[in-house]
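Chain IDs A, B, C and D follow the sequence of writing; residue 1 opens each chain.
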Amino acid sequence: MNETTWKTAITQVRPNEVRLRGYRIDELMGNVTFGQAIFLALKGELPPAGAARLIEAMLVSSIDHGATPPSALAARTAASTGASLNAALAAGILSINRFHGGAIYDCMSILQSGIDRATETGKSLEAVAAELVDEYQASNRRMAGLGHRIHTADPRTARLFSLAEETQVAGQGVEMIRTLQQAFEAAGKRLPINVDGAIAALLIDLQMPHDLANAFFIMARVPGLVAQVSEEMARERPMRAIHPTDHEYDGPAPRELPPGTTAPPNR
Amino acid sequence: MNETTWKTAITQVRPNEVRLRGYRIDELMGNVTFGQAIFLALKGELPPAGAARLIEAMLVSSIDHGATPPSALAARTAASTGASLNAALAAGILSINRFHGGAIYDCMSILQSGIDRATETGKSLEAVAAELVDEYQASNRRMAGLGHRIHTADPRTARLFSLAEETQVAGQGVEMIRTLQQAFEAAGKRLPINVDGAIAALLIDLQMPHDLANAFFIMARVPGLVAQVSEEMARERPMRAIHPTDHEYDGPAPRELPPGTTAPPNR
Amino acid sequence: MNETTWKTAITQVRPNEVRLRGYRIDELMGNVTFGQAIFLALKGELPPAGAARLIEAMLVSSIDHGATPPSALAARTAASTGASLNAALAAGILSINRFHGGAIYDCMSILQSGIDRATETGKSLEAVAAELVDEYQASNRRMAGLGHRIHTADPRTARLFSLAEETQVAGQGVEMIRTLQQAFEAAGKRLPINVDGAIAALLIDLQMPHDLANAFFIMARVPGLVAQVSEEMARERPMRAIHPTDHEYDGPAPRELPPGTTAPPNR
Amino acid sequence: MNETTWKTAITQVRPNEVRLRGYRIDELMGNVTFGQAIFLALKGELPPAGAARLIEAMLVSSIDHGATPPSALAARTAASTGASLNAALAAGILSINRFHGGAIYDCMSILQSGIDRATETGKSLEAVAAELVDEYQASNRRMAGLGHRIHTADPRTARLFSLAEETQVAGQGVEMIRTLQQAFEAAGKRLPINVDGAIAALLIDLQMPHDLANAFFIMARVPGLVAQVSEEMARERPMRAIHPTDHEYDGPAPRELPPGTTAPPNR
């Protein structure tokens, strides 16, 4: 078999020089946040000026959601049999798919198709939203990004949208999902925009490729999975039967951020 | 089998309220960086004031090292057979072990044992470093964290150590590894402190649990693996024979950070 | 969340009694082959009388295909970084997808659709095969199950088909793929039926659910992956660059089966 | 980096010829069972004449143990989020480690060390067994391979040992574990030899490399995991909370093997 040389456009490694998408890594370090570097690695370009604070917040929003999600349970199950930390993480990541984490992807599809329909038909987003809500209700489908099993108002969504406005990232994605929420309300159904819906809207406004929706969730959730695995290893005996919901929180009591922390990151 | 209720100290989920280690997630969002939130998720406490910029830089330093590392190759190999993005990532993470990524853990062990030996014996770090270098040279072992296959001066190390001084995080970890480097030089061997060694020193100075060394590398590298997998899917045909080193960089030419970017993150 | 009791129809475990699909496991042991038990676990019923020898042969046919397939390379890559055996196997299995192993599934779809078309239209398999070959050639598509990169006559196919006749399993599946091969030849293209195509035909004739095509290949290949990983650990140094094709066979020279072995398994 | 050609001693692929450890694959097919081929792939040689029936029984014994083991739960959890079958299997395999499946390895170590101690000291196996039981009881450790959470007499063990005698495989491994069981009984503790202990004894008597103990269990269990994943996909809704023990068997009622099946495989 004759193999030709292949190409990569991500990282260039030369003696004493590492460049990510053309920028020296040691220059990126200290000058951009991890979130900005993630954006650069994936999109090939740095995010718009001022968007860093929003991107950090998007990643923080999804860092963990407790021990109940299947990714946490699968990772804990593997850890409980004696798996190494990376193997337990792999089991967790293998449990992030269409039905867990996948709402971001599905919601991006809906929002983009709504925006495209408005552009193509000349209709307003309101008119398109009303149509979409009709279509979903007629076929009795849930719309990804709206509704939550536990939260009636997802606290992460309000925060993300206010940061999206401050940082001037909010665009058609945010507008479309808000219009859909209003259309549901007009049709008699109060549904919160959940954190997946908010992230979907923002990934559209940041022009992140659709295919990376699931990856975004995974990158945000890996640290939470590390914490879950690490806690399983530290606190529990091997081979216990892990009941998926019968757990209680016994960590630090509710507390306020220390004063200095509340000043925002500057970009 | 009788299952008792179990406990978790990471995240508390209540209707319309999500708290990570006691802090409201919507308050963390916009006020801390992703790196600070990672530190909080893992350690249970926010990092020291001012350390955020360093932590971000540590994560950025390891985000990608091109297509040659085995984690990138395993992830690309899986992707090339038609694996979904999360499955390809899992294959990559399963390839981050003792011999790839593990240098951080091994170096932390050496540094900590050096520091402990100095404390216990009352010897200076210099004296202990000389002993350790003797021991490694006598048994003809490489010391993790020192030396690099490609770089004679790892550009990421200099940057990390200068940020560690600016942010006042640098402590005994940094001192110990620098002293070891000098002891090798005194013994006739010039070895750069590589990025794994620098991170190991800083994780000690940040009092990160030893067990999380490998996790730190994984969290930093996942976005790079996403970029590698995503590029494989976009640019290459399925089932190609992936030669591990015969690739060329064809991405953006060397470039400077845009002016506004060079102001540092403020914490 | 209210969880109702759930059901499973596979295995029943009671004190001193384990039953697989209703049969005592200790009665299955010694009376059926592993292949028969696999069939029972998956289908819920034992295979037809006499089919054991064929099923064993199907599993043996795919046990290994050398170090070149991506599943072997991904597993070796993980092992080379220090992964445990099960983690390296997982990386290998994550590399068995549509483009590696998937030909069985794709070929089953083609064969079944050909058989169905003949039934629905009242046409002969020959007529349908000619149509299908026309359609594939018109759209310039390869037909899964036919053709091989290395073999002009796949030795495994001839053997499987002769066993399928001996054991009276051969039916419409085998007939359909042979007819397709003849139709290609009539259209000027000599293509061998490859081992994936032969297995696809036999899985149809054994009425194995379509969804288990990929699983069948994985079950057969896991022992080969174990051998590959185990050899990597025993013979190679960590973190070597694993060139995908530049390897040589240095195992036992060609040899004949010992006399006693050539009598066939009796069922 | 200069890569030298590497070697493999497992499979040789040439045009129209595939050889496993020197034997033509198409000659193995139909003449050896899958279990014999597994043995050949792993050990490099065919098993002793007559051992096939035992090896098949060993693999059948561990094919499934219901929905409760962590490997089944992790695989079902991944499947429940929408994972593909191979990804769900990988999650299951990542949950087979020291504390699940690992008893075979641990028991092999104990048996081998007992046999070696007898050889080195000239003591009888009985004397050594009494010492080992003393040591374990003094340090309050469980001995892998003895005792079971559910079974007071593991039905699989009796069957394996009777087949091991019929096939003349039973040797020092079987003798050692039986002697240990008797020593425990003499010390006032009735413990059944569980299936892992029985397999450990037989792997020693078959001279299987110690490192492959976990692999043996994985190869046997993969079909069971396929059945579990496949059932999860067919019967359950996505993202259900999977209670680890609250399930009921609703498969075929207890039944006898059909008459023809009870004749043993002939080798």
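Please note the rule applied: a residue touches a chain if its C-beta (ideal position, glycine included) is under 8 Å from a C-beta of that chain, and two chains touch if they have at least 3 such contacts.
Everything quoted here is computed from the prediction, not taken from an experiment.
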Of all other chains, the one whose Cα centre sits farthest from chain A: D
Interface with more contacting C-beta pairs, comparing B-C to A-B: A-B
Chain B and chain C: spacing of chain centres that average the CA atoms, whole Å: 42
Approximate Å spacing (C-alpha centroids) for the pair chain A, chain B: 22
Overlap residues in chain B, where contacts from two or more other chains coincide: 1, 3, 68, 83-84, 86-87, 90-91, 94, 96-97, 241-245
Of chain A, residues touching chain D in the complex: 68, 70-71, 73-74, 77-78, 80-83, 87-88, 90-91, 94-102, 238-239, 241-245
Complex contacts: residues of chain B adjacent to chain A: 1, 3, 5-35, 37-38, 41-42, 44, 46, 49, 52-54, 56-57, 59-61, 63-68, 84-87, 89-91, 93-94, 96-97, 150-156, 158-160, 163, 209, 211-212, 214-215, 218-220, 222-224, 226-228, 230-231, 233, 235-236, 240-243, 246-258, 260-267
Residues of chain B that touch chain D when the two form their complex: 1, 3, 83-84, 86-87, 90, 244-245
